[in-house]
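Residue numbering begins at 1 within each chain, and the chains themselves are lettered A, B and C in the order written.
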Amino acid sequence: MTPLLETRNLSRSFGGLKAVDGVDFSLQQGEVRALIGPNGAGKTTFVSLICGRVPVERGAVIFDGREITRLPANKRVRAGIAYTFQITSIFANLSVLENVELAGNRAGEGEESARADLERIGIADLAEQKAGDLAYGHQRLVEIAMGLALKPRLLILDEPTQGLSVDEIEAFIALMGEIARETTVLLIEHNMHVVMELSHRITVMERGRILAEGTPEEIRNDPAVQRAYLGA
Amino acid sequence: MGFGPYFLLATLEGLVMAAVLALTALGLSLVFGVMRVVNVAHGEFYMLGAVLAWWFASLVSGHPALGFLLALVLSPLVVAGVAFLAERLVLQRLNYEPEATIVATIGLLYIIQQLALTFYGPEARPVQAPFDWRMQLPWFGYSAYKLFVIAASVAILLGTWFVLRRTNIGLVMRATQADRDMAQAFAIPVSKVYAGVFALGAGLAALAAVLIVPIKQAHYLMGQDPLLLSFIVVIIGGLGSLRGTMVAALLIGLSDGIISMFFSPTLAKMLATLLVALVLVFRPQGLFGPAGMAAR
Amino acid sequence: MKGGEHRAIWLHAALVAGLAGLHFVLPDYHHGIFARVMVLAVFAMGYNIAFGYTGLLSLGHAMFFAAGLYGAALPIYHLDWSVWPSLGMGLLAGLVLAVIVGCLALRTVGVAFMIVTLMFSQVFYLTTLYFTTYTRGEEGLVLPQAARMLALPGQTVSLANADMRYWVAFILFGVTLAFSLALVRSRFGRSLVAIRENEERMRMLGYDVFASKLAAMAISGVVSAAAGSAYAVLFGYAGSGFASIQYSILPLLWVLLGGAATVLGPFIGTLIMFYLIDVASSYTTAHMLVVGVALILLILYFPKGIVGTIRAKWLRWLP
């Protein structure tokens, strides 16, 4: 079966530093893949190469059978890739509803659809509030709502639970369970509990390369991963 | 005069222009380099220097060199003082936010220019050169004062280079330019450095104007051309690059002088402005700046 | 905010009605000023689309105004064209220039964008000086009254007539005001505001940010050019002064004073500033000092402008 997303020998350096070094990666439709690794492993750069925030230096990105390596970021979003930022990047001066509407407009959706998206995430009662006034956890949820409103084929989440309370994280896991039924998800995470609960497969990155790939069980027992990351 | 000597004359005139331009542009470059502020009023500091030079010189009768000397010392100091005030009262309060700062310096431009119009008037007035000697070259006589201007400019540039590269003050300035937050972490009083640099930039422009005013006259609109030319120099030379500024000043000063002698000055300005705009669009680091040092 | 939408329309309609009413009561001198202010307010509204709504701080909008000005004046003066096609020419000139400049300048952001637009505008200004045989440079072209006849269905009216001038300026103003209101509330208008807020996010939401900004520049340029063309035929004069830096700074000042990113702000700012300078110039030749002081005070203490502050503090529904 053709993978939904594939990268071949994907590489990117900054100055002398090889942030992403010849990564071959593939993701099947319907998967929930977690991308883990120590800080500086190149995870955010890797997903940025996929969604187009950072231009590719060498290698290829193939989405749904189509090569998108040179495609500008906004066209990749139109093709079905959505990215939520590591550091929350919403429109602070607009209302929550307006934020989600902006995202939904791209998928041809209007106000009702935006309200429905907010309903799903559980923040429908915050619709009229100014997004910048919300608590951090809620702002993260607005980010995710915006990602969903794009009706993406692939949803890339960059450290979505960072800064969330324990309760909020549990709610997030439940939410993700639902979303994963219709959308392929690639998520960068440091929270191992979330990773183990949600992912079908895990990719471990270190120093710009893939260290290991496998099911949560396999990764948990992999000695190389234990040494590099989980702290044996 | 044959073509050769005419060209030499044009070159000398170009060198004088380049000398003054280098000083003026250096002021602009320092302010942008260290503070990331584009000072649109820079030309007005230049004009103020010239106008004040006329005033100081008019206070002293007797040998013109006395009046000139007084102007040379006091005018840059006063202009630096004005700049210091403007920085403290306005720029600092805006937290050096790039767009707000430019709007504020535009306001400053109008204020200085119109005050000059009010108190100095719309006339152009000359200042006498400190000495009247001429150097006799085989083909023509050339004003020794103009040669002095070139020499003085080179001296000041070298002095500035020395201060920047070899003294503590210069080190502090370069540190603040490189990384403002780190500089603060190292207990460098960034705020004071900014005020000082802004004053220094204005002072350099004023100094350049004092040097040029015996050659051109002092007029309340004389800041416009130097502003545009300094912009061109700083952008082409690469913002924050001292060497780039010098080389660009030389290039532009010479070519402007030469082109103006042979072609229409309007056309020269048109082409220069267009060139600079395109450089900013396609090669924002200028011709000498390192890639990434764009005018952000 | 449905209630707000209705209130907004009524408010703007009231302004328009008020201006219509003023035609009958204003003494001659002020009548002429209002005609001029309405045309310049159109320029300000055009600038506001780029600066206020999209966040593009251009320092070169004089070139668009002047493109409209000369685009209309030159055919009338040299080619004996009538008014309507000349107005069309002015608009076309503004559009073409805005697209070309936009394609180049929009490759830069922030301070670089300001400088690039400033420089392109300077080139335009110098061009009007260089081709002085056609433009008569600073002295300018005076369009004879006989050439400023507007052909309407049924009759031809003279634009040298003060009444006609007011009405033409009024109609242009009213149309532009309605257009601004519609633009601001459209999806496109809201996407421009979002781009100003957070460009990267918009890109990552699938919006073609460059195309949107270019469209904003084009609309802004055409509206500014419309003001320029109207100015040429209504007041019968086109000179290089209108292409100079001053006419890039003035719309910025008008919009800042009135309130950037508001629909009524540009008009309010233009009106107040015009009178301020008018009064100042009766006292001193250095009346542009007012501009300098106003800019600094505004940017330091009052960056939202009049209508902007009213909106933030009391009337949230103001567009």
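Keep in mind that, in the parts below, a contact is a pair of C-beta atoms (placed from the backbone, for glycine too) under 8 Å apart; a residue touches a chain by one contact, two chains touch by 3 or more.
None of these values were measured; they are calculated from a predicted model.
If you take chain A and chain B together, the chains in touch with both are C.
More contacting C-beta pairs link the chains of B-C than the other of the two pairs B-C and A-C. Centrality annotation: C (chain centre taken as mean Cα position, compared with the mean over all protein Cα atoms). Of all chains, A has its CA centroid at the greatest distance from the CA centroid of chain B. Chain A and chain B, compared by their mean Cα positions, are separated by 51 Å.
Annotation: 34 Å between the Cα-based centres of chain B and chain C. The mean-CA centres of chain A and chain C are about 44 angstrom from one another, to the nearest whole unit.
The touching residues of chain C, counted against chain A in their complex, run 187, 190-191, 193-194, 197-198, 200-209. Of all residues in chain C, those touching chain B in their complex are 57, 59, 104-105, 107-112, 114-116, 119-120, 122-123, 126-127, 129-130, 249, 252, 256, 284-289, 291-296, 299-300, 303. Interface residues of chain B facing chain C in the complex, by the touch rule stated above, are 38, 90, 93-94, 98-100, 102-104, 106-115, 117-118, 122, 228, 231, 235, 264, 266-267, 269-270, 273-274, 276-278, 280-282, 284, 294-296. On the side of chain A, the complex with chain C involves touching residues 51, 53, 72-75, 77-78, 82-83, 85, 89-94, 98, 102-103, 105-106, 146, 150.
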